[in-house]
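Can you read through this structure? Questions will come right after.
Chain lettering (A, B and C) follows the sequence in which the chains are written, and residue indices restart at 1 in each chain.
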Amino acid sequence: PATYDPNAAPGFGFRARDAVLPPAPAGRRHKVTLTITEKVIEVAPGVRQRAWTYNGTLPGPVLRGKVGDTFTVTLVNKGSTGHSIDFHASQVAPDRKMRTIEPGEQLTYAFTAERAGAFMYHCGSAPALHHIGNGMYGAIIIDPPNLTEVDQEFVVVQSELALGPQDGLAKLSKLYTADYDAVAFNGYAGQYRFAPLTATAGKRTRIWVLDAGPSAPSAFHVVGTVFDTVFKDGGYTVRPGDAAGGGAQVLDLAPSQGGFAEFTFAEPGEYAMVSHRFADAARGATGLFKVTS
Amino acid sequence: PATYDPNAAPGFGFRARDAVLPPAPAGRRHKVTLTITEKVIEVAPGVRQRAWTYNGTLPGPVLRGKVGDTFTVTLVNKGSTGHSIDFHASQVAPDRKMRTIEPGEQLTYAFTAERAGAFMYHCGSAPALHHIGNGMYGAIIIDPPNLTEVDQEFVVVQSELALGPQDGLAKLSKLYTADYDAVAFNGYAGQYRFAPLTATAGKRTRIWVLDAGPSAPSAFHVVGTVFDTVFKDGGYTVRPGDAAGGGAQVLDLAPSQGGFAEFTFAEPGEYAMVSHRFADAARGATGLFKVTS
Amino acid sequence: PATYDPNAAPGFGFRARDAVLPPAPAGRRHKVTLTITEKVIEVAPGVRQRAWTYNGTLPGPVLRGKVGDTFTVTLVNKGSTGHSIDFHASQVAPDRKMRTIEPGEQLTYAFTAERAGAFMYHCGSAPALHHIGNGMYGAIIIDPPNLTEVDQEFVVVQSELALGPQDGLAKLSKLYTADYDAVAFNGYAGQYRFAPLTATAGKRTRIWVLDAGPSAPSAFHVVGTVFDTVFKDGGYTVRPGDAAGGGAQVLDLAPSQGGFAEFTFAEPGEYAMVSHRFADAARGATGLFKVTS
């Protein structure tokens, strides 16, 4: 199988995925087409896997809306096996809307997002462990009403890589025992170490985090900051006005949980973000912010 | 050792454990006898283990009461080694009430449940890892005051199986490294895939979940639903009237934590429940609801 | 490599680390010198490792203050390689204050603690997994305003031991896969089994817990008690006056999270504390309280 080298750097042509999160679009009805394709993708320096993707990337595209918005998703299967889509923000009968469609087929999946949060979407076709492990996951963000304004907003999706052969599929036997080789932020191990994110000191910052798993938790931390606001899977756990005056060092997420953390970079400098489950940080769950004044 | 086959199905005579949770009995004083026996039990399709049980089943019986209720438990040891019982809902000196009794002995253990939650009970005799791993665990549910009424209520206890020889005890060396073979809901891997639970669309549903471990967390999720209420180990994290309007996709439990999630199945259909720690779902932490109108 | 024997007992000369936590000092400005040294330390019965320490112990000293206090830390590197310090309670540019200093160098690191919690500090020099694994971690506690008075207060820092050779460094290859041999409370596996902590029945007790990792979560539980107050990484999750009347059996912490639990020992006796991730309890995450009237 392919192996992860924590000391390798990406080759010529590396392009990082944009982690900046734009606001929800103004309209309350969202139409999206997700086309499933198979594609060899670099997931770590020098490591390529045959990914199963929504719209050609892993994670799939980030969707965003507000409580009460409707999403109409057309799923088109241009892959070589059956696939499906399961939106955790939706309340629908899985055996109908989330059903598996064969190559060449399509389905339309409509739902109203009634609750706020950072929800996972993913392929649920059996074995779902393999479909998630091969790249079929993404985030749909539903803003809480009265979400406070911040100056800069990012999104990070964490996932594990259980490497199969170079240019091959993920190794299912390793996925069964949560015995993964590397951990990615937004689909690439150590991505933002090689292409740091940029931010401004003294400005309020929000990072949405989804732990796509398939099996490991995340302990999301930003070195040199303290979170004064944490929203975890549907509820606030820390807010600036709390009588306890508490701050959080970690947003802890079980697999498929999502949420956000808010904080302010106090001064210009270089700030790492990690999963503080440090074995995972050492295997790629790490990145950098370059913060300027 | 015995092996878990995720594709096997139970043989003739399989009877699923009832997951429906009746209301707490009317009285405020509960008398219970728990008799410890050793018994070969099927824990996955074709896989039998020599279990150490409370009242002949694993998990042991679900107990339920209200804050302020007293429980008087008589523990009778008909096993072949020393055993004990530790109720997490009780506040007592462990070296007296939770003491180990030898085969042929019995003790009476009385306590008042002063706090609400879904608490674990288990044998704490050394090595407790083996006694829990062999089946000596269960749930005692203490309702919060003003618990809202729901239309249907279920209970799921998650536990890991570290398989020893067919018809033998759990493998202690695997338990030491949390290297388990399968994961059970209510004592049998994949149980409610083979005997789906039944529920009604449009009705409020509550599922109590206890993670008995001994070592793995649970990320309890019901496909096609969003939890509008989550109570985790003593406190609400999400409620319908929250200003944030949040919904949860997962009830995340550390080993021996318990709680509940509430939601409504939006329409008839088949809905899976899983631990979204997907390596565990693939090893048996999965089941189905058949939802009718 | 050295091996952990769960049945071994410490030899002559064993001295347990004091787990009693004194109140924060009266002053609002704290001056601390942390001197990094290398030292062979016993971390489990008969097991010695070459530790990298802050002030000669692992964990390093517990620091404590109030929201708004300033800490001025002088870090002195008397080790044989580059080291650093990262306070999770601080909001500073990591590439300056948390920078690596070479043997023979020192730096002064000042910060104001603006938020309450039980924060981790640790060496962040690459590979941080090895520096934490070798002993470079500790707790800094920032009291919330209006923290209620209790009668007895303790602090427990949990960490994993990935054993290298006797008298040698931790095994980095095991740290990379979170494949540890033992788990310590306050730096020594099973420490307070051998030297039980003492407490008084009927008195309010608070235990601060920090999970230093580097990679495993903690499920902190005290047998025979129910927590009526839990503060987890910046926010309360359970309080005595909650309408739900809930109690917690576990304080669940992701790596580098901290918090506290409050409860009362109901009667005299022996009470164990454990991580209820039971594979970890069996490998040393366990201790005892001797409770008298």
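In this text, a residue touches a chain if its C-beta (ideal position, glycine included) is under 8 Å from a C-beta of that chain, and two chains touch if they have at least 3 such contacts.
Everything quoted here is computed from the prediction, not taken from an experiment.
K.L.:
Any idea if chain A and chain C meet via the same residues, over half in common, or different ones?
P.N.:
The interface is built from different residue numbers on each side, given that under half of them are used by both copies.
K.L.:
Superimpose the Cα atoms of chain B on the matching ones in chain C and note the rotation angle, 0 to 180, in steps of 5 degrees.
P.N.:
Resulting rotation angle: about 120 degrees.
K.L.:
Please report how many Å separate the Cα centroid of chain A from that of chain C, as a whole number.
P.N.:
The separation of the two C-alpha centroids amounts to 31 Å.
K.L.:
Would you please write down the residue numbers of chain A that are in contact with two or more other chains?
P.N.:
217, 237
K.L.:
Can you list the chain B residues touching chain A in their complex?
P.N.:
217, 219, 221, 223-228, 230, 237-238, 242-250, 252, 263-264, 266-272, 276-283, 291
K.L.:
Can you check the complex and tell me which residues of chain B touch chain C?
P.N.:
Residues 67, 86, 88-96, 98, 114-117, 119-120, 124, 127-129, 132, 144-146, 175-178, 213-215, 217, 231-237, 253-258.
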